[in-house]
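Shared between the two complexes below is chain A, which pairs with chain B and chain C, respectively.
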Partner chain A sequence: MNSAALNLDLTALLPALGMVVAAAAVLLLDLVNRGGRAPTRPWLSWGALAGVLVTAALSIWLIGQPAASFQGMAVHDERAQALNLVVLTGAALTILLSVRYIPNVNSQTGEYYGLILLVSAGMMVMGSATDLMVVFLALEIFSLGLYILAGLRRNDRRSSEAAMKYFLLGAFASAFFVYGAAFVYGATGSTRFDLIGDALLAGRADPLLLSAGAALLIAGFGFKVSLVPFHMWTPDVYQGAPTPVTAFMSIGTKAAAFAAFYRFFTGALATEQASWGMALAILAALTMTLGNLAALRQSSLKRLLAYSSIAHAGYILVGLTTAAAPGIDGALYYLIAYAFMNMGAFAVVILLERQGEMDALGSRLNGIARRQPMLALLATIFLFSLAGVPPFAGFFAKFYVFAAAVQGGWSWLAAIAMLNSAIGAWYYLRIVVNMYFAEPTAETRIEAQQLSVPLTVTLSLAAVFTVALGVLPWVWTELVQSGLVGVFVGGLAAR
Partner chain B sequence: MVPTSYYLILSAIIFVVGAVGVLGRRNALIIVMCVEMMLNSVNLTLIAFARQWDNLNGQVFVFLVMAVAAAEVAVGLAILIAHYHQSKSTNIDDVNVMKW
Partner chain C sequence: MALSIPYLLTVITFLPLVGAVLVTLVPSDGTKKWLALATTGGTFLVSLLLWTNWQQGEAGMQFVEEAVWFAPLGVRYALGVDGISLFLVLLTTFLMPIAVYFSMLYVHKRIGAYMALMLLLETSMLGVFLSLDLVLFFVFFEASLIPMYFLIGEWGGQNRVYAAVKFFLYTFAGSALMVVALLIVYFSAGTFDIVALQKTPLPLAVQTWAFLAFSLAFAVKTPLFPFHTWLPDAHVQAPTAGSIILAGVLLKMGTYGFLRLAMPIFPQAAEQYGPLLGTLAVVGILYGALVALVQKDLKSLVAYSSVAHLGYVMLGVVSMNAQGVSGAVLQMVNHGLSTGALFLMVGLLYERRHTRLLSEFGGLWASVPVYTGLFLVVAMSSAGLPGLNGFVGEFTIMLGAYSYSPVFAVLAAAGVILAAWYLLTAFRKLAQGPITNPANDKANLKDLNAGELAMVLPLVLLFFVIGLFPNLFFDKINPSVEAMLATRSALIQQATAEQMPALAETVEEQ
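The block that comes next holds the complex of A and B.
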């Protein structure tokens, strides 16, 4: 015990630590150049991007050497790595979206990039956490950062309002989460997932305390990933927050919270699958249905994407409900596909925003195909993928998750999910139809000032990967199942 | 020795009082105070369980909760001040530019 307690092996948390170091470096760089002449300081963005890329390299290098740190409170396995890559992808594309956007919103660019990196670090810790204490800490690390980022536009009432709502409801949800963690600890005598599992196997757990704890934890997680009925904050916060932050939030929080969801339920509560499986299935059905129905009547693009993000959280939850390898891997594939297609969709929103605005009406896309055919094509790719039209990534994501649900004996859930995809297709495809067949109006124009090189790069990367992941879905599945090293070695051997 | 259930009942009462305060009060500052009360009731629960199981996990968890609560208040008050500059009010009924 003594030697184990002194053994400070940080390997499992190296990627997250890389992000923290990068954040500190960006903050210092900003400080050094405080008096500099260039007001926008774009090189801060490049510094932050370099930090993300170095961390991604670190995370890729770590694969094939599963590690556990702090007496098994955090691990680095294939799934942690897959989630790290989802978060890092989100962070990198967000930084690219922010290069031109953030200097117009807030002059504190150094703090902005520092926070983005720290929030990513929190999300990555959550993806590796195998202890309720670590999950709680990681949850708060990224939530506190996101509260600040949502209110970044301090002179805009909607932004500070978004921060206020997010903070008050988020703190409330955290209290429920930690109360649930306390109950689970009280029921089993441990906060570590494997020891909780052992206590359940041995029948040492108090069933009442345990189910109360699990229910409170679901509420806490449900808030973070905006499952119905804990979703009320989502549209307002998504609408009020600066658009790159919204894009990052929709991807990163989902990846992190679903990782913790998966590790807790399939790791610690594996023996109780009969009871929590049904609870998650009902939540997933409610989330998909309400999210899609509410999205039908939105005219603001950001609110539409907010409700669509609620619906996608429901689809991903379908994969977790099965608690079997195909469902979990399907959910991971869904997360990476969602990262690219959603980033692309938000990049289009940024292009449509006028100076000083933080949102755009969907009607601004009417007839845009006649004036900006390339942009219309890219927007079509993202919307088709979000709707789940083959051959884009979104189709295979849905296919894997729904197939896993049918295999796992959740046919009714898969049926509800498919009905929901049809409802979802209606509001995504309606925009596509308007882009190509509606008459252009005075509102139809994109903001040339927003069309910068980094934004073009983001749009292209998102489009390429949305198509590539759809045409070659096995690449990512291979990555998830065998680890990156396997793929690289396999590729070299094939030569 | 006081049975664990006494502590649990007390902390549950405090937690519910805090939760009702969050849902019922209109002043954002008081809501933040109510959230703090909920977190402290959780601390009491954790300490009670730590004594019952005779291990230190619960006590360590309490320190984490306290540190997080402090950070949360710091961020929360800053957000409140930023919002007050815009709306000149701490009443959450004035947080209504977007549909709640």
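The block that comes next holds the complex of A and C.
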């Protein structure tokens, strides 16, 4: 067979390839550095960032040219590009956060950036996978990278513990996933989503085997996006991992796993929506409720953001429960909004970390508004957005996702979700209260060594987009539907 | 031909926002203050164009602006104003310069942030009254929480943080379910357009749930009787200008929500739950008045009187007849002016004596006659003395309430007596009798100066204008109210005909 018969159309793969090429380039650059003669280290992060930006441009260019490749094992439609953009946003902001941070954690910065890029590539492949084998491949690519990244600070016990925990539980989850995939294959005779769907339509599927397989797959995915009851690892790993890595995990992993979630359940199991819809709805309700309740009691900022990220996973799952187009678009909008506001929140955490630490207590924000009014203002924007207060992006994200839920007849789930966002408001608001109204203490200061131009840029970008996406939500939907042209046309049409 | 400005409503709504940005950018405190005053003053002048360019007798929305905001969900950026919202807009733009000017005189701490928040608050309040789209309405409705929260929490009294958090969480939690309800409405009716929704029949089940969720949000905001506990805290702790705006405008967002959304969009559910809301309103009138009667702190007295007064407004809204609703619209404005003025007077006194305990005062007639005289007028306006604004509104509401339910009207009338009682008691303790505390001496207590008079007198002038020439206002309010009521009763008739076709046929045969 020649390559045409294999349907090896590489244009569709350009974004993932872009990331791999960038990763290779960064690693080569680092190799040159090893000799000690060419001081290329400062170039590593900028090289990685350039790779991300080029890839984002490629991804935007590909919008509107959907293609399937590898005999239907991957599809590159608008949603795949939208997901790419979410992952790339996360990667770009993570790189900016790392410029000053990572050299203090581990001297192997070249490997760090290479891994970030490769992990992103894995996440992006997962977003376009339409076959359980490809999903597994992508899952392993990005998980293995993340295990290493979580334990980047080798001499720190917390970091090593986080990596170990993440690795062990992740390995279990992968095993669940593969086991589930095997069951599904046994039940339907295929691992390709469309063929699984055909088998179901034709009634060739063994229902018992299939539901066992689907349940195991849910467990596997649930681990990755930390759905309750598969969330136990999240707070420890979030706390122990270097903060930029935590920030990246909270966004990229969610985005990738939700994308695969959506493609599998709406692509392969579309006919069975009645049965898995309810399962996902219950998981979503549990996830957001437990996440929010646990977040109420946290004093460490990273653990708080970990539980908050569990809660947000629940909100996003509400959109997937419906299995309808608005729910998926809503979840994607939620992911991009979450990428900006959560990156901003983690950037604030970094500013509060002392030398040699990778976490900060919430009490360090007490009265920070007196000393750092600008930082307090930005943090307030992120927190209000996370709480879902208009006019910030977090509100529109919830609104979009819950609209889909109501449309799909899941009003009770939307009601639970809204009540949850009221609980959420409590702990986000508590931080705002402390920032503005508590007395500053000796601990109330930002660490000068963490302050850098790239970090300031991250904070500003995150804040600008958190506001802009909330006020002009159509910019994102137009962008992922019809590319940059769509944004301009949409802008004119709105007038 | 009067002056006209394109995109007038957008200009009015967002002028304060522009001002807020500029206030944070200019350097000195003095400039910030004057810039804030100029912005609110300018907004007021621009908003007067609504009055001058008003199409008299037109019932529908005027100055309408429309654009698609978010196509996937049919959300629009749509603004418009009719007789129901016109005076609330003018009330907002009128009270803001007064509140800002008061703050210029007495707020010294971090004035730039303070003024910026006041201006943000103005934009969000105007947005609520001008929105013609449910989502836009909700965005402004919720966004108003943020500036108010900071105003109370940063510039408030002793217990300010507690009050601010309670205010925020109460109202945020109250409106959480409204999001779900407005989505249910959208997917049932296919639009977020408020005007179109008022004409769209909705299934009874949708109406019931949506009405309850909307009512919860607005009942917390108004506040109706069992949901009022955040209000005294917020009011007592808020800085004076914050109280003026909170009582004057922010609470009206709740009653306005009932009037514009909950009652007309869900008419059958509103009929069903009307008596419940009416009862809560009457309980609020009596409860608020009785609690006000025993307050030792002047500001909490005024705060509880707000609970009582908004009970009247709710009673007018619930009665859903022309008199009740028109009276309620006017009474919203009246309450904004009277209670705003009361908080202003209390604030002026507090800035002099740094106490609000009634027992600290007495004999102010002798020492500060101008202040005391104006206080009496303001108190009488709030108590509903004929010839002043409060009377017109309350009387019209009573007429409407009587035809809705005589019992409610009689009980509410008792509230009027109580109002006179607590206000006069407060006045007696404040102004009459001998001067017992040397701090109230003529030598120690200064009367109002020109700048302070400039704040109080416009309010007092309006009391008389509304009290003596109410038709200036009713002429603009009534057509819109009548049109809304007509649409609403048509909807109810249509729904009844659908649900009981046999009955409708027999009616037609006769």
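In this section, the second predicted complex is superposed on the first by the 467 of 495 C-alpha atoms of A that agree within 3 Å, B and C clash if a C-alpha of one lies under 4 Å from a C-alpha of the other, contacts with A are read in each partner's own complex, and residues count from 1 in each chain.
The criterion applied here is as follows: a contact is a pair of C-beta atoms (placed from the backbone, for glycine too) under 8 Å apart; a residue touches a chain by one contact, two chains touch by 3 or more.
Just so we're clear, the structure is a prediction, and the values are computed from it rather than from any experiment.
In the superposed pair of complexes, A:11 makes contact with neither chain B nor chain C. When the two structures are aligned on the shared chain, A:474 is found in touch with chain C, with no touch to chain B.
Of the two partner chains, neither chain B nor chain C is touched by A:273. Applying the stated contact rule after C-alpha superposition, one finds that A:411 touches chain C and leaves chain B untouched.
By the document's definition of touching, of the two partners only chain C reaches A:421; chain B does not. In the superposition on chain A, A:403 makes contact with chain C only, not with chain B.
In the superposition on chain A, A:433 contacts chain C only, with no contact to chain B. In the superposed model, A:452 makes contact with neither chain B nor chain C. Put simply, chain C touches chain A in their complex at residues 67-73, 113, 135, 138-140, 142-143, 145-146, 150, 153-154, 160-161, 164-165, 168-169, 172-173, 176-177, 179-180, 183-184, 186-187. Chain contact summary for the complex, chain B toward chain A: residues 8, 15, 18-19, 22, 28, 31-32, 35, 38-39, 41-42, 45-46, 48-49, 52-53, 55, 57-58, 60-61, 64-65, 68, 71-72, 75-76, 78-80, 82-83, 85-87, 92, 95, 97-100.
Interface residues of chain A, counted against chain C in their complex, comprise 326, 329, 373, 384, 389-391, 395-396, 398-400, 402-403, 406-407, 411, 414-415, 418-419, 421-422, 425-426, 429, 433, 436-437, 473-474, 477, 490, 493-495. By the touch rule above, chain A contacts chain B in their complex via residues 132-133, 136-137, 140, 144, 147-148, 151, 154-158, 160-165, 167-168, 171-172, 174-175, 178-179, 181-183, 185-186, 189-191, 232, 235-236, 239-240.
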